[in-house]
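The two complexes that follow have chain A in common; it is paired with chain B in the first and with chain C in the second.
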Partner chain A sequence: MRKTIEIVAIAIIAAILAFALPRLGVSPYLRTLVYYSAFYLALGQAWNLMSGLTGYVSFAHGALAGIGAYAAVMALNADWSVAESLVLAAAVTMLISLLIGVTSLRLRGVSFTFATLFFQQLALLVLRKLPASGGPGGLALEEIFPVWLPHALMLALAAAATILMLLVRGSRLGIRLLAIKGDEDAAVAVGIAATRLKLGVFCASAAIAALAGAVHGLFAASLYPDVVFSIDFSLVALAVPMIGGVATAFGPVIGAVFYVGLGELLQIYAPSLHLTVIGLLLVCIVLFLPAGLAPGLAAILPRPAAGRLKPVREG
Partner chain B sequence: MNGLVVGGLLGLVALGLALIFGVMRVINFAHGEFITLGAYITWLLAGALGLNPLLGIPLAFVVTAALGYVVQALLIARLAGRPPLDMLMVTYALSIIGLGLFALGFGGDFRSYSTGPAGELRLAGVSIGLRSLTVLIVCAALSVAVLAVLRSARIGLALRAVAMNRDAAAGCGINVRRTERAAFSLAVGLAGAAGALVSLIGTTTPAVGHDLVLDGFVVVVIGGMGSIGGALMAACAIGVIQSFSGFALDDSWARIITYVLLYATLMVRPQGLLGRAPA
Partner chain C sequence: MTAILEVDGLEKRFGGVHALRGASLSIAAGEIVGLFGPNGAGKTTLFNLIAGTFPPDRGNIRLRGESVTRLPAWRRARKGIGRTFQITRPFRDLTTLENVLATVPRTGATKPADAAASRALLRQVGLDSRAGDLAGTLTLGMLKRLEVARALALQPYLLLIDEPLAGLSGRESADLLAFIATLRSETAVIMVEHNVRQSLPICDRAIVLDAGTVIAEGTPQDIRTNPAVIRAYLGTDAC
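Entry: the complex of A and B
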């Protein structure tokens, strides 16, 4: 019952943000901030689903989003419809994630992290080389879409990803994934098909990242490989859940809003300190608030909401 | 020849990474920033003060090792017993803090200097730049010195014992915390020295170490996580492969080939060339 209410609430909030803001005369600047919060939330939830729940850290979510963006823009330029392009972006990225997963997820520990770290570099190098992707000069979207379309799509995606996280987190699947994070040997011993679950969840997570990237491709309208595949987006994907609360459904929401707000403040007051401040913030959170900002907030909020923000104890 | 120089530098970097991983089970994502620090120290010494850049090698070693000692004591040691995700995050965060600070302090300019060894040596029809030769000799000397320390010195025995079995080592009366601190300090000191050498043969930018350490990770994974012999072997192999394919095709293809090799290793021999199979 509570879960149903929460899901409906997420959907209503997303719908209000998508359709009511322009009519209420909210400034385009603020709407852009809402858009970026949704983008970062979608990326963060994608990472959270995989790395937050299973403990296998991915550094490739920015690159997965980038591949989604490239696939979508190339499809749109070939006169595919928006829906078809988004589906293609998700499908291509899932295939690629399967490849990364098969090479590295059979193994325990850090192999997966390394495989994703190098994937980011490999994707950049290959896309700069391929003639079809425009090389180092990048790609431009031929048709410019009205700005409400990517806004609405991104909010829908962020809301859907949050709802998915909420559902998975409370389901048997979520418990199995958390068991893998806690002690993989023990999880396998009680009959959890760890490798298959890890692969499946990584594919789903890659699809969300790809859709986020594809919608952002509609928004940005031009893709430069050095920007799309810079480490920044991978950093966003892991910083958002880390700041808000890893493996929680609502932590990344707080994380995304916080990250965008902090980014804007830094832009105004200390544009050259952006990386350093984010780094210091991550260090402080790991040292002093290992469960993220969400549990701190949970202590203040009334009980029902607080339950959903509770951190998961790691074994 | 160029391949050997790259291989030597990668060897120093990978030696440090393997040492840290072997002893502490930590992947040091901030390793590249220690390289960059060493490069800037040498650049300041040679470019701004006009001293001999060779002095930068010991100075970079000492300064980065001291900084590594502080970082290990203040940050890394505090995270003992926490999930590996936390450790990963902290070294990664240190890396971006460093990147940001270097960009702030030195700007994006390419820094180089003209003091120090110059010219080239002709020997039996092969000519080699004196700077490259210096890098090669220093890399070899440092690697041999580290291997000798690991093989016979007391601290080397302690390092190897902790790498094999932390609890048993502690049970034998080895001070594990001190040993870990020594491992981290020595490893980032090597990174600093590698940075000094990088500044000698190339240009120094805020991301110079960041780029080099990615290849260092490739070497460590291919050589076998925590295996020092494997890391040195893989470093030479990668250096030669990169310079040959870089010569025949171009630099990007050389890197693409390296990464494909890495994925192939992960597929066929996940424990690396010389790594032990997981128990």
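Entry: the complex of A and C
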């Protein structure tokens, strides 16, 4: 029952943010901040689903989003519909993630992380050289879409990704993924097909990242490989759950809003210190709040609200 | 009696160390078998080969007549081989109940594997009052019982219990052995244990390994008086 209420609440909030904000006269600037919060939330939940639950830290999610963005823009330029382009972006990226996963998910710990980092750089090199993707000069969307479309799609995606995380975290699947994170050998000994499960969740996670990238392609309208495939988006995907709370459904919501809000304040008041402060913040969170801000907030909030920030547990 | 497990000529080398040299054994349904031997005899290697942690260099392992020699560990678990670990390996950040819920029951398992069944297993091992607590907060004795509950959730044909008494007090050891003795009706058990005196009485049969080879096999009484066993444990002067 509680889960149903939470799912309905997420859907209502996303719908309000998507359709009511423009009618309420909220400035385009604030709506853009909402958009970026949703973009980073979708990316963060994609990372959270894979790395948060299994403990396999990925630096490839920025590149997976980038591939989604390129696939969608190329499909749109070839006169595919928006829906078809999004499906293609997700399918292509899932296929690529399957290749990455098959070759790298037998590795453990830092070895897997380095394999994903290698993929991130490889994707950048390939996209720079590929004539069909515009090379280093980038790729422009030939048809410009009204701004409400990527806004609404990104909010819907962020909401869907959060609901998916909520459902998975509270399910037997979520428990088994966390078991892999806890002790993979012990997980295998109780019948968990760890490699297959990791591969499946990595592909699902890649599809979410790809859709986030594809929708962002509609929003940005121009894609440059050095921007799309910079390590920044992979760091955002990792930072958002780490700030809010890894392996929780609602932690990344706090993480995304906090990241965008703080980033914006720093851009205004201390632009030269922007990345330094974000970096220091991450170090402090890892050292002093390893479970992220969500459990900390849960400790000071009244019980009903606090329950929504804690990891979902049966028992 | 029907053989649940047949191990035939298992060999395993780790570099220059010949850990197992053609070990063979057979376990029947409902049997509790003690696997004994001095340090370095190959007991844990044999456990790991049966559970599928790594493959043997030579030899065969059959579960209920079907070869599982080349199957990965998770497939063997789903065929019905459960295990515990010498040093407990709980999922520390999951609750006690979630630890049991994580188990994937063997293919063709007849009992349900829902939260109610998992709670019943926790009750069976005396941990039902700690169902909602993180496994990382349990004592060593509780963790040993949790590992048994987690393995029983597989509804296994064969349960491998590795050094269940290590680190436990006398009372905890007696309670755990009494519990293991009740498992005959559910599964066959192979138990590796250093405390031969305490664990032998609950065994139907004992197998003794030395230097990677089975040197003796028989009833607890046979084993106590077997000269090869006495020699392996106490040296050649003892005979």
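Please note the rule applied: the second predicted complex is superposed on the first by the 307 of 315 C-alpha atoms of A that agree within 3 Å, B and C clash if a C-alpha of one lies under 4 Å from a C-alpha of the other, contacts with A are read in each partner's own complex, and residues count from 1 in each chain.
Here, contacts are C-beta pairs under 8 Å (C-beta built on N, C-alpha and C of every residue); 3 or more make two chains touch, one makes a residue touch a chain.
Because the structure is a prediction, the values reported are computed rather than measured.
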item	value
First (chain B), second (chain C), both or neither touched by A:Leu178	second
Which of chain B and chain C A:Ala186 touches, first, second, both or neither	second
Residue contacts with chain A in the superposition, chain B compared against chain C	B
Chain B versus chain C as contact partner of A:Leu287, first or second or both or neither	first
Partner chain(s) touched by A:Ser272 [first = chain B, second = chain C, both, neither]	first
Touching partner for A:Arg2 - first (chain B), second (chain C), both, neither	neither
First, second, both or neither for A:Gln121, with chain B first and chain C second	first
Overlapping contact positions on chain A, where the chain C interface meets the chain B interface	314
In the complex with chain A, residue positions of chain C that touch it	51, 53, 72-75, 77-78, 82-83, 85, 89-99, 101-106, 115, 131-132, 150-151, 153-154
Interfacial residue positions of chain A with respect to chain B in the complex	51, 55, 57, 103-104, 106-111, 113-115, 117-118, 121-122, 125-126, 128-129, 235, 238, 242, 246, 272-280, 282-283, 286-287, 290, 314
Chain A residues touching chain C - in the complex, by the definition given at the top	172, 175-176, 178-179, 181-183, 185-194, 313-315
Chain A-facing residues of chain B, complex	27, 75, 78-79, 82-86, 88-90, 92-97, 99-101, 103-104, 214, 217-218, 221, 225, 252-253, 255-256, 259-260, 262-263, 266-267, 270, 278
